[in-house]
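Each of the next two complexes has chain A plus one more chain, namely chain B in the first and chain C in the second.
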Partner chain A sequence: MTASPLAVGPLGVLLVGVLLTYVVAAAPDQETVAGWVASLVCVVAFATTAVLATGSLPRTASVLGSEGAVVVTHLGVLVAGIATFVGALVCVASVRFLDAGQETYYPLVVALVAGVVGIGFAADMFTLYLSFELLAVASYALVPFRLGRERAVAAGTRYLIMNVVGSVLAIVGISLVYAQSGGVLAFDALGPALVAAEGQLVDPLAVAVLLLVVGFGVKAAIVPLHAWLPDAYTEAPAAVSALLAGVATPAALVAIVKCLAVFPGSIPSGLLLVGFGVVTMTVGNLLALRQRELKRLLAYSSIPHIGYIVVGLGVGLYGGGVLAFDGAFFHILANALMKGGAFLAVGAILYRLRRADPDNPGTMDSLAGVGYRMPIAAGALVVGVLALAGVPPLAGFWGKLFIVVASAEVAGTAGIVLALVVVANSFLSLGYYLPLLRSLFASGDESLATLGPSPRAIAVPLVAVTTLTIVVGLVPMSGFEIVHPAAEAMADALTGVGS
Partner chain B sequence: MTVPLGAALAMLAVGFVGVLAGRNLLKTLVGIELTSKAALVIFAATDAASQGIVVLLILVDAIVVAVVMAMAVAVYRQYDTLDLDAMGAMSW
Partner chain C sequence: MTSTVGIAALAAMLVFAVAAVGLRDMIRVVSALALSSLALAAFLFVEGMAYAAVFEATVAGGLVSILFLLVISMTDDDHVGYVRGRTAVLAGGAGAVFLAALGLAWQGLSTITLAESTAATEPFVEWFWAAHPLDVLLVTVLVFVGVLAISRLTTPLAPPESERAPGEASEAAESGAVETEEIA
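So, the complex of A and B:
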């Protein structure tokens, strides 16, 4: 492992960026400038991550004298790259959504991205927890950002209480690990430390696994811990929903898998995740079938995608297969593009609809004809939704395919049943995606004739995300090359624990 | 280790019940704080090297308290009450 000061680069840029963005935004009427500064910060962090990715990995660095709090791994580069990329697009898109006098918005967005990057790069469980808290606290303020709306405050309160309790459970789990390992929390040293302690006391470790899965699982919206999600995504600004669904919830899953990978194989953490994953995708799809409101439908449809990723991670932890991790990480990448694009497109559409008629309910019926008035937003939504459903030549297909194949390979008959459940869920999701597409292009009534096209600040990120969704789908090797080193490192770490 | 561990898990349980049963947002906050102290007890009981972790955790707790109280102010402005049942925030 090589040490270099550049390893703290992405995180350092983002943390300085939080302050910088706030200083700019605090000046009167400078919210738009702050938006550009925030996206520039994300772009610089992305570039630093890209530079790190080309060097030899893993690479370590010391922060404030304590050695190795941050380590740049393949998984970290993947997470940081996704987070900074989506963060930059969200900042650009938000320029149009934001009203005056909201100077805390961009610093909070940058802080959220910094938290996700920290989760990717954390070298020990405590740094992971601190990054997770940074992400969490920023999102506590972003979800109820429109404090003047009654429902936003209620949604924010529910989100806050559930996630604070989740964070507490996670840190109690980490404290149990600390007690069992005798003061070791670093990921690369924990494996042997925990195996040694296994003989006398296995139970506290099982409790710790459960606490970590449940604690981080609240933020990841694993069923039955998803109760905060529909209201939160519906009431949060669309750009924040894009960031939460595309980046923050998968980051919680990365936190889970980074923690669980160090536990000894005698604890069935993989099976636990597979169980949670199957319930999550099935319940999520069934709940989404009943939704008529555009944004709420997308909110519910993020739950099954968490389920697919959890199944992939669970199969990987259970069988130690590279393919399962390939699928899970590929789907994390694809999910960021698809969900980010879909929520931004919905934001653009609702922005125009509410301009025309402030009382527009945003239901599917009120969308008739929008597809002809706002071709870019509607096109992005079509591509995003088809990709989410797993239609073959798009990004959402390949991750699911890897997960299905891996689960069929690893566990015999049970694995084939699991694979069939994933496939069945994909078809189930068409049940609510297709009506959405139909209503977009239904023959519209006259009232929509004056609807303007997508605002340019939103159209540019939409085109970027949509292009990538198609490119990653058509040329899966491009995405595969990004995720495969991370998957391989994860599988290697697991087999190292087993030996 | 058994006594501190038992005490910590007891605090976790009591606080958790407080969060689940409490109707008032501030009582919920008290419950949350009680649960979060369980982790502090376990860290502090393990070894003296954990003091850095404990100090940082206290800092994190303070931030979370500030956020929850800010949320309480927002809730009171919208609903004129801190009763979670009355505002429908925790019913599902």
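So, the complex of A and C:
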């Protein structure tokens, strides 16, 4: 493992950025400047991550004299790259839309991104937990950010209660690991420590696995722990929904897989995830089919994508195959682009619709003709939705394909059945995505004749994220080269602990 | 092996956590969460994770949860009177949790030596700072972010249009930022 001070760069920039952004935002009428500062912080963190990715990994750095406090792995670089990129887009998209007196918005966004990056770079389970809490606390205020809306406050309250309980369960799981490993929590030393404890005390480790999956699974919105998600994504500002769906929720899945990868192979953590994944994607799709409100539909449709990723991670943990991790990580990357773009596009559309008519319900029926009046937002939504449905050759297709192939390869008939379930779910999602597209380009309503185009501030991030969704789909090797080292490292780590 | 006290604390933590999700009364939810955090901190402490217990009791579970729920509930008109009527109970509970957390922290930082410590005679506090500087930094930022979040959630809302003086426009309207909240 190479030691390099640069390894602490992305997380350090973001932690300092939280304070810096607040100092700027606290000055009178400086919300716009704060937005640009927050964007710059994310861009610098992204650039530092990119530099780290080009060197040899893993790398470590000492923090205030403590060696190995941060370990930059391929998975960490992937997570940090996605988080800082989406974070920068969200900050740029928000710049023109903050009212006076909302100086806490950008520091909270940067803190959320810092929490995700911390999860990626955490060298031990406790640091991972603290990073997870940083993400969580920032999101507790961002979800009900529209305090004037009663439904937003109710959604925030439910989100808070469920996630606090999830955090409690996760730390209990970590403490069980601590007890069984003889005081070891560092990821690179935990595998052997837990294998040594395995012969005598397997059951506490199985309980720890369950607690970690359930604890972090609340934030990941794995069914049946998903109850907070539809209201939270619907009531949060669109930019925050993009951040939550594209970055925060998948980060919880990364936290799960980082923790579970150190457990001995005799504990069926992979099968547990596969079971949760199948239920999550199926229930999520069935619930989404019933939705008519645009943003709520997107919120519900986030659940099956969590399911696909969980199935990929589960198959990877079960069979130790690189391909399954390739699929899961590729879908995390694609999900950030697709969901990020789709929520920003929906935000732009609802913004214009409600400027034209404050009582517009934002249902699919009220979208008729929007596609002609707002081509950029509608185009981004079309690309995002088709990619989410897994239509080739967009970004959402390849991750699912890898997961399907890996599932079929790993477990004979059961694996083929699992692959068919994934494929069936993908087709099922067309049942709610296609009506949405039809609504966008239905005959225009006269009342929408005055509808303005997409706001310029949000058009730029929309074009960027949509272009990437198309490019990653058309040239899948570009995404594959980003995710494959992380998948390979994860498979190697599993081999090391005897899975 | 987990001790009887540890198992009891764990059981109490789970009971209070489940109750927090199931209860509808906000005050009881707050109390259940606080007690759950305290029981968890006790469990972690008994199991030897004193530093995790300190963090849990002082930051992650206790105060942040209580304050968040308090301010969120106060932003909902239906709850304002309700919360006000039970402020003494809530403040007393929060105070008890805080004092217990402080006691635990004091105990943990001053007298405990852990197996993880490099030398049995090394004071916990010295080992703690040397071994977990990133964790301390993260908790510091976490507390700062918690304060920012509370500050946001307690921001006074602009009065509804019907309650404004004739001709008075909101700041947002004057700046042309009407209905911007859909995006940010």
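Some points to look at:
We adopt the following convention: the second predicted complex is superposed on the first by the 498 of 499 C-alpha atoms of A that agree within 3 Å, B and C clash if a C-alpha of one lies under 4 Å from a C-alpha of the other, contacts with A are read in each partner's own complex, and residues count from 1 in each chain.
The definition used in the following text is that contacts are C-beta pairs under 8 Å (C-beta built on N, C-alpha and C of every residue); 3 or more make two chains touch, one makes a residue touch a chain.
All figures in this text were calculated on a predicted structure; none of them were measured in a lab.
Once the two complexes are overlaid through chain A, chain B and chain C clash, as defined at the top of the document. Partner contacting the larger number of chain A residues, of chain B and chain C: C.
Of the two partner chains placed around the shared chain by superposition, chain B and chain C are both touched by A:S175.
By the touch criterion stated above, A:A114 is placed in contact with chain C alone, chain B being left untouched.
In the overlay built on the shared chain, the residue A:L98 is in contact with chain C alone; chain B does not reach it.
By the touch criterion defined above, A:A348 reaches chain C but does not reach chain B. Looking at chain A, you'll find residues 66, 126, 130, 133, 137, 140-141, 144, 147, 150, 153-154, 156-157, 160-161, 164-165, 167-169, 171-172, 174-175, 178-179, 182-183, 204 touch chain B in one structure and chain C in the other.
Every residue of chain A that touches chain B in the complex is listed here, in rising order: 66, 126, 130, 133, 137, 140-141, 144, 147, 150, 153-158, 160-161, 164-165, 167-169, 171-172, 174-176, 178-179, 182-183, 204, 227. Listed in rising order, the residues of chain C touching chain A in the complex are 2, 10, 13, 17-18, 20-21, 26, 29, 33, 36-37, 40, 43-44, 47-49, 51-52, 55-56, 60-61, 64-65, 68-69, 72-73, 75-77, 114-116, 130-135, 137-139, 141-142, 144-146, 148-153, 155, 157-158, 171-172, 175, 177-184.
Taken together, the chain A residues at the contact with chain C in this complex read 15, 18-19, 22, 63-66, 69-70, 93-94, 96-102, 104-105, 107-108, 111, 114, 118, 126-127, 130-131, 133-134, 137-138, 140-141, 144-148, 150, 153-154, 156-157, 160-162, 164-165, 167-169, 171-172, 174-175, 178-179, 182-183, 204, 237-240, 344, 347-348, 350-351, 354-355, 358, 455, 458. Touching chain A in their complex are the following residues of chain B: 1, 5, 8, 12, 16, 19, 25, 28, 32, 35-36, 38-40, 42-43, 45-47, 49-50, 52-53, 56-57, 60, 63-64, 67-68, 71, 74-75, 77-79, 84, 87-90, 92.
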